[in-house]
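In what follows, chain A forms one complex with chain B and a second complex with chain C.
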Partner chain A sequence: MATVIAAPSAPGGPEGSVVEVIGRPDQHRKRMARLGWMFTTPALIFIGAVTLFPIGFAVLLSFENVNVTGSGFQLNGLTTANYSLVFGNSTWHYALAFTLGFTFVTVVIELVLGTMIALVLERLTRGRGWMMALLLIPWSLITVISAKLWAYIYDPTFGIADSILHGLGLGDPTILGTNAGAIIGMIIAEVWKTTPFVAIIVLAGLVMLPQEIYEAADVDGASGWTTFWRVTFPLLRPTLALAVLFRVLQAFGLFDLPFVLTQGGPGHATTSLAVLGYDAMFQNLEFGPGSAVATTTALLVVMGCMLFLKVFKAQVGEEDL
Partner chain B sequence: MRKRKRTGWRRYVNGITISTTVTVLFVTLPLYLMLASSFKGAKGIGSAAFYPKDFSTSNYNNAFSQYTFARYILNSVLIAVITTALVLFLSTMAGYALGRLPMRAKLPVMVALLMISVFPAIAVIAPLFLLMKTIHWLNSYQALIVPYTAFNLPFAIWIMRNYMLGIPKEMEETSRIDGAGPLRTLWSIVLPQAKPGLFTAGIFTFTACWTEFLMALSFNSDNNFRTIPVGTALFGSPFTIPYGTIFAASMVAVVPIAILVLIFRKSVVSGLTAGAVKG
Partner chain C sequence: MSAVTASIRNLADRRVAIAGLAAAFVAGVFALVSGGSTASAAKSPMATAPGNATSGTITWWASPISTSGPDVRKVWIAAFEKAYPHIKVTLISAPTDTDTNRATLTTQISGGAGPDVFMGDVIWPAQFGAHQLALPLSKYEPASYWSTFAPGLVAGATYKGQVYGAPLFEDQGFLYYRKDLLAKDHLAVPTTWEQLQTEAKEIQSKGQTKYGYVFEGADYEGATCDFMEFLTDAGGAVLNSTGTKSALTANGGALEALTFERELVSSGVSPTAESTFQEPQAMTAFQDGQAAFLRNWDYAYATSNASGSDVIGKVGVAPLPTFQGHSYPGYSNIGGWNLYVNPHSKNIAADLTFIKWMTGVQAQTIQATQFSQIPTITSVRDEAKVIKSNAVLAVVPKTRLVPRPAQTPDYPAVSQAIYQNVSAVISGQSSPKAALSNMNSGVNTALGGGGL
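This part shows the complex of A and B:
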């Protein structure tokens, strides 16, 4: 609850002259603060009940010997076995490396492509609104549906990608049947769906840059390439950093695409951490180890996020945060 | 400044138009393929054709007669609409309080909300599943409405708060002097000004509910409570995937939300860039 805030000695405190009409400033302030908590509490209860409390429970589960029964579940005592099982498991090692690598590669490609698209759209004199609208469609598309669409494109017997590769004289590779093919195929599907998101964010950042700087660079005879690296890129860095943050956080929770497109296969080639955790829990009913996978994933996300904010703060200064 | 005058076809064929065309093709070709394939017949769906040689609408009939796709749409609509209403109501109140009322500990609350919003859903799947199993919430609407509301609230509160911060304080004070209570002030003075925020928070919540897969898959496995993404993912069997039906159903699921996003595209863009602008 809010505590009493030191009352200003003279009328016309922080609230301005109006407070005189309402009553004593400190009383009014106190009432308003209480009202504020009344307004905020329902939302906080909702969020706490579904996120904070379960996160705590997930940590507990990850240290428990969990038995799922027909009607509920039993906890059979504390153990660190879940973590030693996970940390010693080669599938987890692979899933961790795969998730990190996939996140890195897709985010770099999306950033480069997205920036290129944004630079082009910024110079577009007509139809920019329509292009923005077009870019929003992949963003709003259900990931499961786009995964099914790419599965159709990659189909070994009647897929378009297959017939294109065949036409190029590259034989008949079963794209999703090989490790490399499945990973590259998934990268393309992911890049297709999320590059527009990056492009929109970068475009919004570009539009806000002061035009005079470009004129100055032009007068100085700087080439387009020099202008981009010396002027645009440094000014755009905070925008790019935020686009990267959003994308990294999302890519790290990668689940829908591999679950539908490749089922994590062939073998474990496209098994992300989230797919591994889900499989452990819902295919094998191993909620203890599954929770250990989920908890370490969440911990990595939070650590990455904090590290990012620290670097970001150091780069752009504190005034924005 | 040098200005090159381009004449004839060179006026239209330049770097910008070529790049724009490539971008448009990159985005639309897969979407076009989905549309075209939804009209392919039994033979056409098994071919790598770019257009339906055996044009037929049987896929659309199948989605609603052979499969219970109507039920999935109903479930998705119900869950998304109720969640969006809840999120808008709760985030308006919280956003107003955090943006305009003299509370203490505002900053910690806002930072905590930000941290919660980055948490991956996989982290809460196991505990929520076990809790819902215990209180018999699995395979129900509330099994998704409650978590969706909680997961979408942090962003909505941030958006609402940012919009409310921008409203001039004088209007509120005038209303207060006129004797209006705080709820009345919020409803008739502040809320109309924060309308763009409501659109942004609303369209983001709705889209998130419409597309969410992991929780819907884990909590509602019963066919009667499946949402569109789960229904689509589990269509057919691993050996025969009825792509034609899937794409027909997908078109029905995608077109309304695409229209919604296009109508509210200004709100969507402002939401996407809220972080980039505000820091």
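This part shows the complex of A and C:
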């Protein structure tokens, strides 16, 4: 039916049949597309309901003068006051710097350690499966549980970390009681948990590298060090970019670890953007400013994501050449 | 109901106004979602004046109170259902962390759901009242009911002339001491903080305990409680008389309090880990025999005499000391829990029956005699039989109380400004002077609604 309508509308008499020939697969594609939309609509509505709606609502709240009441949100008019409050707030400045710094430091350490572990694992001939299973334990633990475990380790009265440091003659440092101690303690807990993830991704990349290049490098008399920097590392770059992308996105949403381990303290020392937003919204019932924190954080993550995808694409493009 | 739908409609209009924020189909979803919650939010609290219901079902939200032995909540419910066989009470165990507890409740109630009756902290009335997250109980109960409570408790549950919570059990700070060590060293129970420090040092120097004094100094609400006591002892206050501005720098009290808290750690009387101590850590140090003195709530007496403790029978309890030059005793911060009613509750009459029974003679006697909790009604509190069975209760009449400045709905942010700086002083990261200046500006920012 569709072809009948399409054919006469095509300009020019003699070319009409040509158009019809080309038009048929076009119509077919359109029909298939419509069918496709029909099939995906329920899923899209579902995704919209659980993803787009909350995001849109949070953005809306961030521009509203919100009052939380027993009967829901009371919106008292559009305002940009939430954003000026957030941008002028010294705790937000700190949380932003802390989140960025924490992300950078942990991702760099995880990348270095993860690559080293992957290189070792690749060479392991026996027990690789066992080693990988062991490695994945920290990664597979729920963060709330692993954070609780670290809280026991760092406990100033009966924790093992204190007793080890004491045994080394370093006095009785209260790890989670000082700014630097709490930040370092959290970095260790985070690195312990997520390095295996990086290691597994890098290992997958390593396994896929063509063996001939290594043989060629060997024939050319390249040392192990040179081989790594001149052969392995360039070939691994897309894999590493992927690992960085995943890790950065995740690290930016840092919430469960500080929530359980330090509650953002001491003072504001380990207050990430997510913890700050939570406190504002659910402790102080300041949903306007809290949503502004969430929205700006989301925006930063999206920007970071796009930047990395661009870099990632460039890396893959290089690979194709 | 109309207010709710109006605000939802309002909301929908605004959403459309900010076109481009969400895809068009979100509007449909939005209508669905909000339409679903309207029904539950529809109940108007003032529509009916409940009398004394004798039937129905109630959900009761309460965090665990007793940590060992029988569960006081279940003992209460069993006794209540015996008295009112046609009212069924279902217990919902709430998170033990008071902040998580509150966050969960506010989310549920503002979403139009939540338990019928909830046990909430004494510092909640202003925030819950200001945001209509709890019913004003004074609209249902006459003055004669409120006068059954010990003085000060109802005032603490009042916000803008309305009482939001019925006091269930009271709590306050006490000084726990090792009576065996004090007797051995011929020392008296300290009446000043300076005396406590000297005696603690003596006990420590003899190797009888590792630490002198343990209290709550971590970066959380408990540090505010302990600071309130030091502050009031030193003649200071957090807010001015109208509650509109910080009074922390009005006199030297706050600086004296902070300086002393730091000195406790720097002199070695309190452990360096003090800045991470909440109640459980302080309690553990004391019941393991590692500390000579402890500041804690009423439960500490029962806990230090329970199996697993190394100091059973060696513990004495007294009012907290004060600073030299001030009259004994020092101030004890008020804690404890109230019963609140959810504005969305379908059976307010039954809720009130439950609350009245829980704050009546039978329930209050159960908690006082079997669970060493401080009852809230005077009739049970003054009864000789009850006092005899509860060592902590015998000390209560000798103590002086100070509430936290929770009359402002911004109290959570005010308290954060206090405890974060107190904890920083105790850990030695901030000087008392710098921390005080931070605390002062933090409290003022919070009161001005400028906090996050």
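Following the convention adopted for this analysis, the second predicted complex is superposed on the first by the 281 of 321 C-alpha atoms of A that agree within 3 Å, B and C clash if a C-alpha of one lies under 4 Å from a C-alpha of the other, contacts with A are read in each partner's own complex, and residues count from 1 in each chain.
Operating definition for what follows: a contact is a pair of C-beta atoms (placed from the backbone, for glycine too) under 8 Å apart; a residue touches a chain by one contact, two chains touch by 3 or more.
Predicted model, so just to flag it, every value in this text is computed and none were measured.
Once the two complexes are laid over each other on the shared chain, residue contacts for A:L78 go to chain C alone; chain B is not touched.
When both complexes are overlaid on chain A, the residue A:L134 reaches chain B alone and has no touch with chain C. Once the two complexes are overlaid on the shared chain, A:D279 sits against chain C while remaining clear of chain B.
Look at A:T91: by the touch rule set out above, it reaches chain C but stays clear of chain B. When the two complexes are overlaid on their common chain A, residue A:N67 makes contact with chain C while staying clear of chain B.
In the superposition on chain A, contact is made by A:T157 with both chain B and chain C. Between chain B and chain C, the partner in contact with more residues of chain A is B. Touch criterion met: A:A49 reaches chain B and chain C at once. Annotation: chain A residues 44, 49, 52-53, 57, 68, 71-73, 157-158, 162, 278, 282, 290 touch chain B in one complex and chain C in the other. Contact residues of chain A toward chain C in the complex are 44-45, 48-49, 52-53, 56-57, 59-60, 63-64, 67-75, 78, 85-86, 89, 91-92, 155-158, 162, 172, 174, 176-179, 262-263, 265-268, 276, 278-280, 282-286, 289-290, 293. Residues 2-3, 5, 14, 16, 18, 21-22, 29, 32-33, 35-40, 42-44, 46-47, 49-55, 57-58, 61, 66, 68, 71-73, 116-117, 120-121, 123-124, 129, 131-153, 157-160, 162-163, 192, 196-197, 200-201, 204-205, 208, 218-219, 238-239, 242-243, 246, 249, 252-253, 255-256, 259-260, 273-274, 277-278, 281-282, 287, 290-291, 294-295, 297-298, 301-302, 305, 316, 320-321 of chain A touch chain B in their complex.
Within the complex formed with chain A, the residues of chain B that make contact are 1, 15-16, 19-20, 23-24, 26-28, 30-31, 33-34, 37, 45-48, 50, 90-91, 93-94, 96-98, 101-104, 109, 113, 115-116, 118-131, 133-134, 146-147, 149-151, 153-154, 157, 169, 173, 176-177, 182, 207, 210-211, 213-214, 217-218, 228-230, 232-233, 241, 243, 246-247, 250, 253-254, 257-258, 261-262, 265, 268-269, 272-273, 275-279.
Contact residues of chain C toward chain A in the complex are 3-4, 7-8, 10-11, 14-15, 18, 21-23, 25-26, 28-30, 32-33, 37, 41, 99, 102-103, 106-107, 109-112, 127, 131-134, 218-220, 271-273, 275-276, 281, 284-285, 342-344, 410, 412-413, 416, 420-421, 423-424, 427, 429, 450-452.
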